[in-house]
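Structure in structure tokens, see below.
We just call them A, B, C, D, E and F in the order they show up, numbering each chain from 1.
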Amino acid sequence: MKLIIAVIRPDKLNDVLEALYHAEVRGLTVSRVMGHGGETERVETYRGTTVKMGLQEKVRLEIGVSEPFVDITVKAILGAARTGDVGDGKVFVVDVEQVHRIRTGERDEAAVTPATPAGV
Amino acid sequence: MKLIIAVIRPDKLNDVLEALYHAEVRGLTVSRVMGHGGETERVETYRGTTVKMGLQEKVRLEIGVSEPFVDITVKAILGAARTGDVGDGKVFVVDVEQVHRIRTGERDEAAVTPATPAGV
Amino acid sequence: MKLIIAVIRPDKLNDVLEALYHAEVRGLTVSRVMGHGGETERVETYRGTTVKMGLQEKVRLEIGVSEPFVDITVKAILGAARTGDVGDGKVFVVDVEQVHRIRTGERDEAAVTPATPAGV
Amino acid sequence: MTTPLLLAVVQDATPALVPADTAWMLVSTALVLLMTPALAFFYGGLVRSKNSLNTMMMSFVALGAVGILWALVAYSLSFSEGSALLGGLTNAFLAGVGTEPKGTIPHILFMAYQGTFAIITAALISGAIVERMRFGPYIAFIVLWTLLVYAPVAHWVWGGGFLGKLGVLDFAGGTVVHINAGVSALVAALVLGTRKDYHRQAILPHNVPFVLLGAGLLWFGWFGFNGGSALAANGSAATAFTNTFLAPMATLVVWALLDAFRNGHVTAVGGATGIVVGLVAITPAAGFVSPVGALAIGAIATFPSYFMILLRARTRVDDSLDVFAGHGIGGITGALLTGVFAEKAWGGTDGLLAGNPEQLGLQAIGVVSSLIYAGVATLVILKVLGAVTVLRAEPRAEGLGMDVTQHGEEAYTSGEGSILVLPAESDAPSPAPTLAPAAR
Amino acid sequence: MTTPLLLAVVQDATPALVPADTAWMLVSTALVLLMTPALAFFYGGLVRSKNSLNTMMMSFVALGAVGILWALVAYSLSFSEGSALLGGLTNAFLAGVGTEPKGTIPHILFMAYQGTFAIITAALISGAIVERMRFGPYIAFIVLWTLLVYAPVAHWVWGGGFLGKLGVLDFAGGTVVHINAGVSALVAALVLGTRKDYHRQAILPHNVPFVLLGAGLLWFGWFGFNGGSALAANGSAATAFTNTFLAPMATLVVWALLDAFRNGHVTAVGGATGIVVGLVAITPAAGFVSPVGALAIGAIATFPSYFMILLRARTRVDDSLDVFAGHGIGGITGALLTGVFAEKAWGGTDGLLAGNPEQLGLQAIGVVSSLIYAGVATLVILKVLGAVTVLRAEPRAEGLGMDVTQHGEEAYTSGEGSILVLPAESDAPSPAPTLAPAAR
Amino acid sequence: MTTPLLLAVVQDATPALVPADTAWMLVSTALVLLMTPALAFFYGGLVRSKNSLNTMMMSFVALGAVGILWALVAYSLSFSEGSALLGGLTNAFLAGVGTEPKGTIPHILFMAYQGTFAIITAALISGAIVERMRFGPYIAFIVLWTLLVYAPVAHWVWGGGFLGKLGVLDFAGGTVVHINAGVSALVAALVLGTRKDYHRQAILPHNVPFVLLGAGLLWFGWFGFNGGSALAANGSAATAFTNTFLAPMATLVVWALLDAFRNGHVTAVGGATGIVVGLVAITPAAGFVSPVGALAIGAIATFPSYFMILLRARTRVDDSLDVFAGHGIGGITGALLTGVFAEKAWGGTDGLLAGNPEQLGLQAIGVVSSLIYAGVATLVILKVLGAVTVLRAEPRAEGLGMDVTQHGEEAYTSGEGSILVLPAESDAPSPAPTLAPAAR
């Protein structure tokens, strides 16, 4: 199994969620993060204080999937999150040794449903 | 060493922290996240706008442990976080190549104390 | 490639960002987290309710880098984040199998620029 | 309040509108109305974020439900000619309530002014049962409570009822408003039972600045509450106003000192609470005591409320926002101290210190009768309601939070991951396909 | 408003200052001024966090731009001697506006009081175009709008213009303020077009407590708006005040019932909206109808506005905060119902129920003339402005949020990862080397 | 303020209460009291979240500490018969302060009204030393400062002291309140030193909507501050009121233009600041200049304060919330411009433009004497306090935040991971075993 970590634009979240839904990826965890990459910086002024905002708002997705789902999931994200402008984000794929479903105690493949794409 | 990533219900956090304390797991990092899984969705209405809330509030734990602690930690989480209802969450175990304790610069086993359970 | 996960003190974030900049590490993702380790706990009182605050505010960095950058990056963080007091935090290094740059679809080394330190 | 009113009537045999008094009472009515939204923030800031809207709405809904009830029936039951125990229905549906003078102000304005008191009194009770009581039954409760508890007690004290006739002093509602609401809150908390997390998890205020905002606006509005109870822009109003200015200052300072001694810190929540307790304590005395007396009352009143809060928190009584400690105990202290510090020279009857111990006895009678009546009546109302409907939200709903489960809203939303249901298709399948299989 | 004013003038041939009236009008002016910050919170809480400052500033800037314009020119165009369509320039630059009596209060105070109405009317429109209109063009718009729409219509109704002469009743601005702003908002929304996320993503209120705070403060201020429109501390003020107290209660309750029936929940946003709609509806009637009439108006006015909001949300008309449904429809309902419920006995001309159907016709004339004029004039102003400048922010800026792009600020910042640019070196390279290559 | 007061006394040889004046002053006192909570939000929104409660409490605690001190001693030192430099103790402990007329209002009300000025003046200073000064020493400081700085200077100007006798014009406290607080703030900032993050990290406002809320409520309250300083509901009050209505509008607009030119954006923080600066500048002039003069003063006063803020930020002077730039410079500009624009016709003495240059000189004397005295006295007070206790929190505490370290509270808590210490066992080991070994 793998853990897919994606950092995307907040305003692309809904599109990505939709794409994942179509890819039949059911479970995922989302968090608000701040990111820095090639984006140009925003300048803000508060009275005498001027600041460069070095970090942009991003959304981080964490998705545990079984092997057959890795490419499907990555493709879904790449497709839905792209705008073509600097700041679109990154996707990381990390290997996972164990997965447990807390509710049932099921392990590994069984814990990330469906284990294989409907098509297969 | 391993990194244990758990997504649980917010109202189970205190129980889990307590269980980890008894398991003598000392260090951990917590963050608020939103999750989607099998949970049924909430509907909310704001004047003319009706929305389905596709994401539920969850809490994410990140715990770096030495090998002997992996099972102990996972068991503690599974035991304390379960309600039996959809939405209990997942636990992922990922391999870690290096751990550093910033304060001392200690590395790996030394950086995650205790390295071995009191019992052992 | 590796994913470097660091948990540091919020008030050290700017120093770390600066150090990473000098190390020519360009991309990273930041999030606010709460941590528990050896820190002593804060007591707060609200009318009749007294609580021990078991978690301290921390900042979590997630940095995907190519092999040659791993040590540089870890060193930069260790150097900039240390105060010497309990609570400085930890750095974890995890192996990454794939990296994708959403904007271009570039993969792996190409997706984490620069692939090699300027010096090399 | 009767005293100044009578005075006014005496002053001119043929009562006539006094524009200056009208001006002041117009303002006072607006000020007291503002106290209910202020209370919404004082209470709303003290609860957890997931229950903040529900808590605020418990105050706002009183503006509607209790306000209308007041105009239609409760005003008449409180203030129109009647028995020693209850007013009549002469003014029901505002019959005979027009712009003719009542004292020196338009009758209709007097009705509105008194209405703002009924509204906030009902809203005060909500603090005891927040984070768990269902919204519908809550509305039913405050409506019945206003009818069966507030109206009679208001009549006893201000409407020509027996307590007023006895000579019990209550300038602006220490008994009618605060003791009444306080004891009813205690009973309600006992009937509803504890929140599921009570004594199991830390339940902390989600927004302390809102608590301070509420306290600030409450103080501001309270000038209309106490100063307006003179029903005229005269010396009595100035006295009541200044005492309302001074007493909370003393409470604030003493509360801060107790906090500092007890846990080494002056707290913001404590400061806000102290201000409110001081305002409660001076309410019955405002137009009857000297400014120095007001400082004394404010200072003394700190202790019983402060320690009652600590004590209550150790018990299984989940009076969640300490309405009884703040308003019940604060009101009792104020009512009794009125009997101690009142002075003829300042507009009251002489009290204990002025050599008239009976007054203290009279005050005690006022306290006890409202304590017993309000306590029992509230119990009966809730038991009856509890028999016909479920008062409490389910534990699961309580866990999810009352905002989502009672109101289908959240106080603070980012909209992230929320899927729009286009009104057009609210029945048809939603265009942005939802994530959950359920939606299939 | 004319009626009480005329009365006052009639009452004493040689007008003189009445201190009590002055006191009440000083307070009323302050209360109405507070309504604009209150509106900033009502609107600001309803938008997304990234647009909250911009939304609030749209109200605050009206305090500056419209306020100054009012003092210099618009007051004169509204209230000084002139034609049936527009006032003259006699009082331009406040010439001849001093402390001499206007009615029974200082003329200068009358000018300030009326100014607060002009300010909030302009600010009301902003609700229709939030989250997308550029700030500069917005300011230009409200300035031109005040000059070309508000001033004339105010003159028609209150300044001796044709509607007032006809006998159209508008106690405190149902037509001048609410219908005017409401229809202009609708036109503005159509000209500006929909937000890029409209009907594509859920756009949710970022801070509902702010919405409740705004509603509470608006109600409080509205007592000056309606009660002050009597321009004296008299029975008429008391009537207007009490009706302003009762009508929103009825709307709040009926709105809650509709919410409960429709989606099983009483909502906080709905409650706040209901209060405002009730206040809008009673505005033209406040000093002309009985309290029971006020309750009826409040209750009836709920339906058109409630269902217009639902209907509007299904269309492509992005009147983002439903200014038309709330103020336009609410104002029309109120204006017409004034013609139904008005009673001589309560200070108005008799209306339909009192056997004078013509009045309803007159009210309709008032409604239609302001609808048409304000609608057309707003269209022209925006088209002209749109020809000389760009009204809308770019989609990218809209995505980033108007706070950052229009004001270079964020409502809530933690400062994390933000690099200080030392003023000294704002041009030289920044000391804390920035992260982005750009900065090299 | 003396002028109108004297007038009033002159008007009726045998002074008597005027109900209308009493009504207006009751309201004005409530309005000015509200300014201190308003200031708490204006300041509290500008600091970092971790210091927001501490900043707000610095204002709230003044309501207690300074308020009581005022009633007991400071009022007498300011306003009772005494020397040219200081009042006597005739009215200490409110001796002889009752409902008898002072001018045309109850003496006790006059005392309360003046008390609200003393409170907010002390609270204003806190803006200079937020985010680092320990809470205890801060309280000691404002108490001593009120006694040693505020009381004397108030006496000089309003209590029959030398500045008043000289004919220095200060209608509502430009000198007594704003210059006084402004220069003391500057000195306090210098004595306390810079915050550890100053010029090293970006320190940004955590909640700009709170800043706007504070500004809105301050403006609202300021109508009582300036309008009430006429001490009557008369033409002078109307003039002061209207000028308080107009001047900030001009400042708001000019400030916005400067912002736009300087960094291309009209900012919300700038708008809020502009409003306050305009209010400060018109304070000494409110009842002495024409409305057009008020617009001019508001516009002109923008420049010195605006550029002082920019300049100050480049220095090592960490007057954190720019109290000196806003209130000090704003107050000086206002005091001097009063000498320029004052007109007999509008209630003042003629100023420069009316052909009386001396007045400008007199104003300068007022400015200089308060600048020097307040500056030196503040320095002495802080040096003495600094000798007996530590004024500043430790760097570590400063890093953690003043809310947690000074008050043991946080402004916004979710309660996550917090372990309840059951009151019963606060000393015994806690039931929910804590996570840290320490707790063993």
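Note that in this section a residue touches a chain if its C-beta (ideal position, glycine included) is under 8 Å from a C-beta of that chain, and two chains touch if they have at least 3 such contacts.
Keep in mind it's a predicted model, so treat the numbers as computed, not measured.
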item: Steps needed, at minimum, to go from chain D to chain F via contacts; value: 1
item: Where chain C and chain E overlap in contact partners, by chain label; value: A, B, D, F
item: Chain D on chain E, rotation in degrees - Cα superposition, rounded to nearest 5; value: 120
item: Selected pair, greater C-beta contact count between A-E and B-F; value: A-E
item: Whole-Å separation of chain centres (CA-atom averages), chain E against chain F; value: 32
item: Cα-centroid distance, chain B relative to chain C, in whole angstrom; value: 18
item: Chain B-chain D separation of Cα centroids, rounded to whole Å; value: 44
item: Sequence positions of chain D contacting 2 or more other chains; value: 18-20, 23-24, 27, 201-205, 207, 213, 263, 265, 267, 269, 310, 313-314, 408-410, 413-420, 423, 432, 434-435, 437
item: Residues of chain B touching at least two other chains; value: 14, 17, 26, 30-32, 34, 36, 38, 43-46, 48-51, 54-55, 94-95
item: Touch-based graph of the chains, sorted into line, ring, star, complete or other; value: complete
item: Touching residues on chain E, where the partner in the complex is chain C; value: 414, 416-417, 419, 432-435, 437
item: Chain C-facing residues of chain A, complex; value: 2, 5-8, 31-38, 54-55, 58, 60, 74, 77-78, 81-95
item: Chain C - residues contacting chain E, complex; value: 10, 13-14, 17-18, 20-22, 26, 30, 32, 59
item: Chain B - residues contacting chain C, complex; value: 3, 17, 26-31, 62, 64, 94-103, 105, 111-112
item: Residues of chain E touching chain B in the complex; value: 202-205, 263, 265, 267, 269-270, 273, 309-310, 312-314, 322
